[in-house]
Each structure stands twice: as C-alpha cells, then as structure tokens.
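Everything below concerns the one structure shown next.
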Amino acid sequence: MKSIGVGVIGTGYMGKAHSVALKAVGTVFETALKPVCEMICATSEAGAAEKAAAYGFKRSTADWRVLVADPAVEAVIIASPQRTHRDIALAAIAADKPVFCEKPLGETLQDSEVMTAAAEAAGVVNMVGFNYIRTPASQLARQIIEAGEIGRLVHVRAEHTEDFLADPETPANWRTREASSGALGDLSPHIINAVLRLIGPIESLVADIQTVHETRPGPDGPEKVENDDQGHFLCRFANGAMGSLTFSRVASGRKMGYAYEIYGTKGALRFDQEDQNALWLCDSDAAPGREGYRKILTGPEHPDYQAFCLGPGHGTGYNDQIIIEARDFLKAIETGRPRWPTFRDGCDVNRVVAAVARSNQTRNWVTVGDLHA
Amino acid sequence: MKSIGVGVIGTGYMGKAHSVALKAVGTVFETALKPVCEMICATSEAGAAEKAAAYGFKRSTADWRVLVADPAVEAVIIASPQRTHRDIALAAIAADKPVFCEKPLGETLQDSEVMTAAAEAAGVVNMVGFNYIRTPASQLARQIIEAGEIGRLVHVRAEHTEDFLADPETPANWRTREASSGALGDLSPHIINAVLRLIGPIESLVADIQTVHETRPGPDGPEKVENDDQGHFLCRFANGAMGSLTFSRVASGRKMGYAYEIYGTKGALRFDQEDQNALWLCDSDAAPGREGYRKILTGPEHPDYQAFCLGPGHGTGYNDQIIIEARDFLKAIETGRPRWPTFRDGCDVNRVVAAVARSNQTRNWVTVGDLHA
Amino acid sequence: MKSIGVGVIGTGYMGKAHSVALKAVGTVFETALKPVCEMICATSEAGAAEKAAAYGFKRSTADWRVLVADPAVEAVIIASPQRTHRDIALAAIAADKPVFCEKPLGETLQDSEVMTAAAEAAGVVNMVGFNYIRTPASQLARQIIEAGEIGRLVHVRAEHTEDFLADPETPANWRTREASSGALGDLSPHIINAVLRLIGPIESLVADIQTVHETRPGPDGPEKVENDDQGHFLCRFANGAMGSLTFSRVASGRKMGYAYEIYGTKGALRFDQEDQNALWLCDSDAAPGREGYRKILTGPEHPDYQAFCLGPGHGTGYNDQIIIEARDFLKAIETGRPRWPTFRDGCDVNRVVAAVARSNQTRNWVTVGDLHA
Amino acid sequence: MKSIGVGVIGTGYMGKAHSVALKAVGTVFETALKPVCEMICATSEAGAAEKAAAYGFKRSTADWRVLVADPAVEAVIIASPQRTHRDIALAAIAADKPVFCEKPLGETLQDSEVMTAAAEAAGVVNMVGFNYIRTPASQLARQIIEAGEIGRLVHVRAEHTEDFLADPETPANWRTREASSGALGDLSPHIINAVLRLIGPIESLVADIQTVHETRPGPDGPEKVENDDQGHFLCRFANGAMGSLTFSRVASGRKMGYAYEIYGTKGALRFDQEDQNALWLCDSDAAPGREGYRKILTGPEHPDYQAFCLGPGHGTGYNDQIIIEARDFLKAIETGRPRWPTFRDGCDVNRVVAAVARSNQTRNWVTVGDLHA
C-alpha cells in the first residue's frame, strides 16, 4: 500500500466531485495507491482555505502555480474553467506530474493539440474527464458491441440535451456570453466522446446550429446571446455506420438527456442517462414471438459495479462515475500505462466539435480528418 | 340517413383495412352517410370474388376501370400498388367520383402534381391516407401545439423506423427491387406528413441515405438490392424550428417506430406509435420540484376517442385509425368540403421526399420549394 | 357462407361496442357465419329506433321479450343492466337461442347458478363477456404459462383499478347506490376472471373491503354511499401459488388499471391494460449479465392479432377485444361447441366475488368451494 | 471543525458500505464533524488487518469488545450478523457511545425492546439503518404526502421483492437455514419501515407466508429449507388507509423490487427502487385532458440531492443512501438530538414483522399493538 498526494484546481461543481471521489476511491476499489487530499486551489486564499476545510484537504492556495510546484502534490486534477486548462496542463507536464483534465480538453482544437503533444513528448500520464461513458451500463454497451452481439453497426442516434436555458426569461449569464461555450462546446463533447468510444471514428459530417433565444434579460435591458443554444449533425463513421447527433441546452424537460440508440445487423441497444442503471438490449437470440427490448439492470456482473455494491439493481450514481475515473487515474499512475481517455482522445473530440462548427459555417459536409489547428 | 356505394381497389393489407373500416364506421361514428361495400377489385376475377365473399362486398371485378365506371360505385378507395395510383385517380376524377388514395400519393412528384391539379380542377373530393397522424394522441399533440401550450417550437426529432429487413439473410423480394420504394419512399412519407401537420412547412434540408445490405439472397445467388435501407435528414422549418428525421427498414427491434419529440419554449411532447394510446407532455405549469413528463392516456376528452369507447385508457388500435379516415372521407362527401389531408397535402409530402433524394445526390442543402416536377 | 340474425339488448356503452363488433367481425376474421344486425332493444321505442338508425340495425323494440321471440333473431346478446341478465338469459335459453351475456353473469351467485344450470340443461350455446382477457397480449401470457416458459407459478399480483370516483366531490349517482355493485361487484370480476384463466382455481382467500367516501353530494345534501369503493384479498390457488388482488374505483390516476405480475420458478410476466399491446417477459434463457424484462410488442405471430393487422407493433384496441368475442360466439354457434368463457366460467367468478364479500364480513379465511347460493 | 473516531464492526456488504460512507460524508455534506476511520472489526485478526488496509482504517481487531472499549473509538457502527446486534449495542450503550445498528434491529422483538429501553435510559444517540427510505425520491414522496398534495391517503401497495433464490437449483446456504431470517425477516423490514414512514402506524393485519422451495440441493443431497421464501399481508393503518404488502426472495426478474404505489383522495405516487432517481406523481392540478402520472427526476431542489450533484437527473446511487445515513448519525452526535429512525422506530418495524408471523400461524387478523415480547 502506498499513498499519493493529489492537488485539485477548482472548487466548483467538478472540483467538489473530484474531492469526493478522492476520499472514496481507495475504499470503494481498495486501490493499491491511496490518494491523499494534499492541496486545493480556488480563486482567493480565503475561499480556498474554506474549501480545504469543507472538503478535507490539508492545504490550500489561490495560485495554481504554487499547487503544481508543491513537492507533496504528486498528481494534478484540473477542474477549473476551460480557458485555464492549457497553461495548467503544460505546467504540470513540465513538472513531470500526472495530470487529469476536465473536459473539454482545450478551449480550441489548437490548444488541445499542443497539450496532447506536450504530454506525449514528456511521457506523463494524462487523462480527460468524460465521466458519463464510465457508468456500468455504458461500459456494458461497449462490451456488447465489441463482442459482436448486435452485429455490424448501421445507425446511431445520440444526444446530449438539457433544458437549463429553455426558458427565454432566464437572464443572460456567463454561459450565454462569448467567453463561454454554447451547447456545442459545453454539451456535445460528452456525447461525441460516447459515440467515438462505442462506434469508432467519424469520417465526415454535416451540421446545423442555432441560437434559439437571440437576446435574454440583462442588467441593462435585453442582452445579446453570444453562443449557440442547440444544434445537430449527420455523420458517417469509418466503419460505414450512419449517425445523427443532437445537442441542446433548450430542450424543455430534458435534465440529463445523454442518450443513444445503436442499431446493428443483429440487434440494438438503447440508453438514457436519466435512468443510468438500465441498458436496453434487443438481441436476435429470442425465440419467434418473444423478441423485444430487454431492460438489463446493472449489477455485479457488469463492469466496475461490484466495487460499489453486491446487489444488482441497487444502482450507482453521478459521483460513482467520478470515482471510476479516479480509480483509472490512480491505476495509470501506478502502472505508468495510460488509461482511456487520454489527451489524444480528448483532442479527437475537439476535432469533431471543430468540424461541426466548420460545417455550420460552410453549409457543407466536412471531412473530420481535414481539420487541424 | 343516406347510404353511399363504395368501391375498393386492392385486397391486400390496406384493402382489407379499408373494408373493415367501411363496415364499422357507420356504427362507430353514427355517420349521416352510411357506406355500402359495393364492389371490390383484385388482380384476378377468382381472387376478387373470394375477397368479396370474405370481406362482405356485393360484387367484385378484376378490372379497376369496371369498378370506377360502375354507377353503383359512388366513391373510390385506391389501395393498390403505388404505380397504379395515378391512372386510377385520374379516372375516378374524370368520372366525378370522390377518391381516397393510399399514401404515398403518386409514384413521382410529377404524378402527384398531375393528380392534384386534376382533382382541384374537377372540384372532386380527394383525400390521401396518412392514418398514423389520426390517432387521438397525435391529434391531441396538434391541439396542444396550436393552443401554444408548449410555446414557440424550437426542435423536433422524428422517425419512422421498422426492422422488417434488418436481417441480412432476409431474401431479396419485391420490396428490395427498383420497382418499389426503399425506406425513403415507403416509410418516410408517414413521418414527413406528421411533422408537416404538427410543425408546419419545411424550408430546406440536407440528407444522407444508405443501402446497408447491398445484396441479399436471391433465387440465383446474391441479388443486388436496388433501393435504400435507411436515411436521415436535418431540416429547417418555415417557423424557424430545427428538425432531425430518420427513416429505416433495418432498425433492429423497431416494429412501429413512428415517433416524435417536439421541444418548445414552454414545454415538450413525446410520442411513440408503439404505445399509441399515450402522449407524454412536459409543460411549464408544474410547481418547482414537480416538473417532469406526464403520461397522458387517451380518453373520451381527446379527439375522436369517445366514438370508440367511453373509458379513458381503454385504448384504440390500428384499424381505428382507418375508421377515422373513413369518417372524414364520408364527411367530406356529405358536405362537399375537403378534409385534410387532400391530394395537395400528399403532394407536399412527395416534394419533401424528392428534396431528400436530391440532397443525397448533390451532398448539399436543398430548398424544398425549389423542387418541382 | 351463411348469415345469422343477431339481436342486441342494451344501447349503452356495451350495446354500442357489440354493435360495432357485429358489423366488423365478418370482415376482420372473414368468418364463415356473417352476422346481420337484426334488432336492437332500448328502454323506449323512440330511443330504440334512434339507435337502430345510428348503429345500423334493421329493426328495434323497447321490449326485450319481443326481441328474444322474434324468429329472425337467431342469437341474443345481453348488454343491459345486471339485474336484467337472469330473466333475459332464461328466456333466450327457453327459446333455444345462443346467448351471450355481459359480465358479471348474474346479480347474485344464485342467479348465476340458475342461469348456468338452465343453459347446460338446454344445451344452448352460452358465453360471458370478459373482454380484457382476449387481447393478443393476455392470450400470449396464457400460451407462455401453459408452455411452461416461466416454470411453476408461485405468486401473482393483480388489480383492476380505476379512478372514476376518486374525487370525494363527485356527486352520488346510480353507481353509488345499493341497486348497483361497488368496486367488488363491478370491477373485480374482470381481474378475477383473468387470474382464474391464467393461474387456475382459487381455493381460499381472506379479504378486506372499504367504502372510502361514506357520503357524497346528493340532490338534498350529503347522500350515503351504499356500496364499496375499494378492497383487496390474499388467496391460495389450487396449484399452490399465492395471489394478492386489488380492486378500486378510487385509485387516483388509474384509468384502466387491469394489470398483473405473475412469478414462476423460471421467469415472470407483467401486463398492464393501459399499454395493452405489450407483454413483459423475463425468462431464464438469457445469458449471464443479459437478464431482464423484455417488452414484447404484439404482432401477427401472437393469438388473434393477424386478422387485425399484418404489422407488429401497430396495435389493437378496446373494440378489437369485442370483435374477438364476437368471432368466438359465432364460432361456437357454427360448430355447436361452447367457447370459453361459458356461463359456468362466469359462475366461477361470481363464486369468488361472493367469497370475498363473505370473508370481509367474517374477518376470516374462506374456502371458495364452500360457497353456494 | 472537529473530528470523531468511528469504529465499524463487520466487513461484509454493509461494513464496506459504511466504510465508504465514512470516507465520503465529510466532503459530500461538508459536515461540521469529520469522521475518522479509527478501527474495524472482522472475525479474524488477519482478516481485520487486511480490511483495515483495504478500506483505509487506522487499526483492526477480531474482538468487538476491544473496539467498543477503545478510547479513540467515539462512535460505533454495527454491521455484523443480526444475532450479534443486541450484545454489541448494549455494550456500546453501556460505554455511553453513540451507536448505529444495521437493520433489522434485534433478532427478536424482545431483543429490540431491550435494546431500545437501554438506549433511551442511557440517553445515548441511537439509530437504525434503513437506507432505502433515504433516497431523494422517497424523501420527496414524504414531503408531498405531508404537504397534503395527494390528499387523504386511502391505499398503499408496496413490496420488497428480489430473486436471489428464485431458481430451485440454487443450493442451500446460510440464508436458507434456521439461524437466518427468511424473506419476512430479511426483506420485509425495509418496506415495512417505508410504509410506517410514509403512511403511519399499522393497526391490524392478516398475513400468509410460504416456503416455495421446500428443499434445496445440499452437500449430502436435498436439504430442508428452514425459513420462508415469500409472503404478503393486508393491513389497516391508524389513519384509515388500507395496505397490501409483499416480500419475496423468489420473485424472478426482480433485482431491487422495493416499490410502492400510494393513492390519496387528490392524487397518487409511485416509486420503484430499480429506477431510484424518479418519483411518479399524479396530482389533481392538471387541466382536463392533461391528467396523468408525471415522472419527476430528482434534482437539487429535492431533499439531500444538492450535496451530491448540482445537476438534476444526474442521479444518486446506493452508496449515496449510506452517506446520507452517516450525515444524520454525525448530526445526531453533534447536536445530541436523535435523528429518525431511532431504535424505537426499528422496534416498531420488528413488531409488525412479529405480527405477520403471528397472523400466518393463527390464520387470523392480528392487532399489531397487542404484540409485545
């Protein structure tokens, strides 16, 4: 048994989630490497100290460079705003420290490529945070596909839709301003990552994007919304399958609409994150008159479930996905072998996002591989 | 009370469905005009006579011209193969007889335009058979949208997917040969009709179509499949909403995948024909913490339900949709006023289908209104 | 091909449903015996004449004795209030005419026993109307059980719940007065019939019944409710299985809550009439990690579906159940062989209902077979 | 901020779950009192040491008396077999240490009464582990009921059903021997606790219990099964509502069938632990034609959700329920005020369990309050 000091940059939504995961992962997975919550970084010294106490970290700082340089910090988790990812990651890589970066990797495809090149050149363990694809159900989906249980893939429909900006009266905020991503930059990466993982590389696509609510109430009257509310694209995968993907922050009633339907020549799969403990499988083994979609409840026989609970159907939740990420990050550090998804995988997602934006501008099909920063 | 003699051309799937509807409609809806099953037309005299006895028609013929010309046949229902629609419809119009034509209207956009022009010039009652949109649930969807209950429409996802050719080992048959339509011609019209009815006209679209199984077992070895298995398109509606539609005959596990999700600024709707007696509504009236999709079971307070049954949740089925069509056709004849969907509405569907084919060829966005035969 | 004149007594909910079924059944099932709507009986001459015109009957009467005696009426359908069932049925039997009686058979167990004895002594074709058990899905449930696909049965939970009297402000009406049945007499027979058909005879039971709303608004102030609103019972079946059944007219939100869950040693079944075109099957054939409930959509390979529609998942509805009943009644007449459920089967249901009432009074377990009028 | 040393007795399923919860609770809820994993107790020294390392405890022991007596252990969690609960709890109480005991409280009603009396006499903080009722969804159910949103309660149907012994070929094991509880003792307490919490006290009940598989494969041939496989009971609550409850370990296909349906005069609720992040609500506020069950996804506006995640629909899981328990235990210690459910609440559950056993023996209705050890 060995311990490793970890520093977390960011104390918001994801900073807290990673802190919880660091506390729990050693017990849930009984990992060889036990993480220690060494230092946390917020935007002010007082705020950082408060969060260190609240989350159970030994020390705190308002300067991420201090955290990255601290000798007791042996690994870095970046959960700060997207625009800061590049500089922090490059500093951690320069310091030869394993680095975990929240999605989306870089603010631009160029940033992501620079980060990826640096990490690979340095041989530093690197990972990106795509948590949703780590549920036991989505891992099971991948197993089923890889085992050929639904045959050759022919079509996927997928979406990441939420409704937090569905109401036109919701005031303008940081999310609706240029410095932030719209639905394309913020939400689509999760589901693009999912289809890349489950189906394979995307060759080409054609997209359409829209700002549904062009203005929102601002402090001084109507304020222009500076990024997109929704969009969708058609694509062709390298393996010949067709895809249709949607992303939205104005999909009324959708709270966690990370969902996919995958059709193959021998069966089909359906999943919706709003019921994350079930995977629907239609296979071709059923007797005549007995065919249909079967609701498989996740349980100990499915990937990574048993560490959480011995009872099938008892269920895992959002934070458990982050605990699985933490286990993989620790395992990569322990073994020195990268674990999916690496910066390169994150970069692949950014490339598809860039292709979507390009296609929306050109109103044409775009070959994804042609896109480089 | 008055009776009207009806002739049905075609004794297959839809010919039988219309025969059942003619028998039941007068009692279900207690219509003023009671239809009489006067004559039925099949491809052989013997077959026609057999079906007349089986379905309860007075007379039979193997020549549709005889049926159209018969003085006791006062209205004509065309349920024969698509390539025959044009000639029969033109003859019925020339004979000044009300005509109901199964979908899709004409084999080509040009045929449909000719049929529409003829019917309108003659002032003959004309209708097209889009039965699925007539369920109480889908009629309720339209009421909800028109009443503004879900606000301004922003996105629709819709599909008509089935799996009757999902298995690559299913032999080649008439459906896979050039004379027949693929999924685009056969299945997409239903769901295109639905979105035109629920959302409004489509302005432009970009499409992708695929023949998934390029050959199938034929009588003399592998036989080339001559039409498409699946496809999808993105579109913009005249009212600004975005749409994403899919059609497939290879969607494993989908039996009657006529489904839509419609998002508005104040709520959303979901429907799946596989559970045709439920409409899911998310509205914005719920108290905080009480929001969600509500499963509305169709009942007597919803359009056209009460004639079938006084109990909510007791449910209507496939044939009941055809009975509703029959009621509308009789009502149009009785009043001399056309009832939706007329040939013109069927023609609008054909135009979108043609635009999808065009976009697939040109690999570009297509403006639907530009398409004419 | 032969025709048979049918008389229908009653023009309410069920009278209309049977009229629709008589019109459609010959075409749907292409029966050898084609029914003719000969005469209909209502409570007034004018009302009967109006309904004859509306429903398409040749003649009408306000006197059921006239109908039963009419030589052109060759078979009788009783869809009048329960208290009239006995006398009409006995008259039809005396006239040696096949008789179909709506459920519940007699007003009391004694009436039912008298009716059954008379019908059997006369050798007249006799049937009772339990329509819900005739859906393709519930017929499939029986096939699955009989084939042993879910093994030896160990537990069933079932209910017939609706909410038409859930609101305490709903005024008193004929349903809440002594002359009528409460939930026990009105609703429980359907689901008792279902479990007798699917599981087998009930040996013993213990019950509890309640009038939830003791008074309701009446014309002159609060009026006492004279029958029960809800109840439930535990039972043991002859085959050793345990059962738990509920009936209610005050189950808020339940519209057609005719539902069952049946557990066996090798699998389980679930059904809910509110989604009548699906049967959920959990079998033990699934590979490890692939177990779960499968949603089977009814289709042409399931009992009685194909006559309605060739497409799976297209769905049947309430009236289609009545058409299946009509087919069975015609078949019984044609062949002279009784078809389930006969008066004897209806009597068995009455006996369980009587046992429930007895157990509620005595507050003890009751042996069903001990009950006789 | 203050820390408190905690000792955990038991290293199985629940021992691990509590260990994970102790690690995470301080960060998830940012509690004032931060627990320290001080000592863990297993059945052997080696096993205990191994688990201490695996779960991250400072020290270990094979003697629970050592743990209870250790001065650094300031609170005790009992997650050992049921037969040990009494002695450990009495020792902890004698040592004046807060004690949390897994359900069911005592092996017999008498044990539970002794434990309760001791804890109350000593004024020691005491709690019982009924985790399922702590999901945000079930807490929300209670809020809705208490606010009167579904009116006066009239009926509840509830179950705790699983299928781990459904297969008759599953060999005999500790669960099927006399020393252990059957489905009544093991599974029913969870759902009895739920209805006591949601509906209120049970006044009387009538029950039926069954051992479905009387023998199972044993090491030396068929071995007698010494406890029950399934059972159910009808009951009346003090507030007049009726209840029907089922418990089973042989319910094929049910993995975590902790489920309830609660009907009131103004609405209804439905919940199934297999989809623990949703609560179905039917309220009476819907406009005519818009009524139905609404699927509410749990989110930050619901009890205890926000500490886990800021996004609605993102979901909590099994371990999160244990974390909520840990928070409540810490809060009770911090404030000196008991938090539901105390030993007294656990004792109430035992009393109902005893009444079920009694009614099964006597074949009569039993008044719950009459039962005392």
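We call the chains A, B, C and D, going by the order they appear; numbering starts again at 1 in every chain.
Criterion: a residue touches a chain if its C-beta (ideal position, glycine included) is under 8 Å from a C-beta of that chain, and two chains touch if they have at least 3 such contacts.
Given the structure is predicted, the values throughout are model-derived calculations rather than measurements.
Peer 1: Can you list every chain in contact with both chain B and chain D?
Peer 2: A, C
Peer 1: Would you indicate which option in A-C, A-B or A-D repeats the interface seen between B-D, with over half of the contact pairs matching by residue number?
Peer 2: A-C
Peer 1: Which chain's mean C-alpha position is the greatest distance from chain C's?
Peer 2: Chain A.
Peer 1: Rounded to a whole Å, what is the gap between the Cα centroids of chain B and chain C?
Peer 2: About 34 Å, centre to centre.
Peer 1: Counting only Cα atoms for the centres, state how far chain C is from chain D in Å.
Peer 2: Inter-chain centre distance comes to 41 Å.
Peer 1: At which residue positions does chain A touch at least two other chains?
Peer 2: 254, 291-293, 297, 299
Peer 1: Contact residues on chain A for chain D in the complex?
Peer 2: Touching chain D from chain A are residues 1, 13, 16-17, 19-20, 23-24, 26-28, 30, 34, 53-56, 162, 254-257, 273-278, 297, 299, 308-320.
Peer 1: Can you check the complex and tell me which residues of chain B touch chain A?
Peer 2: That would be residues 150-151, 154-155, 157, 159, 166-168, 206-208, 210, 212-213, 229-234, 236, 242, 244, 246, 248, 250-254, 263-268, 282, 284, 291-293, 363-365 of chain B.
Peer 1: Show which residues of chain D lie in contact with chain B when the two form their complex.
Peer 2: 140, 281, 283, 285-286, 288-297, 299, 301-302
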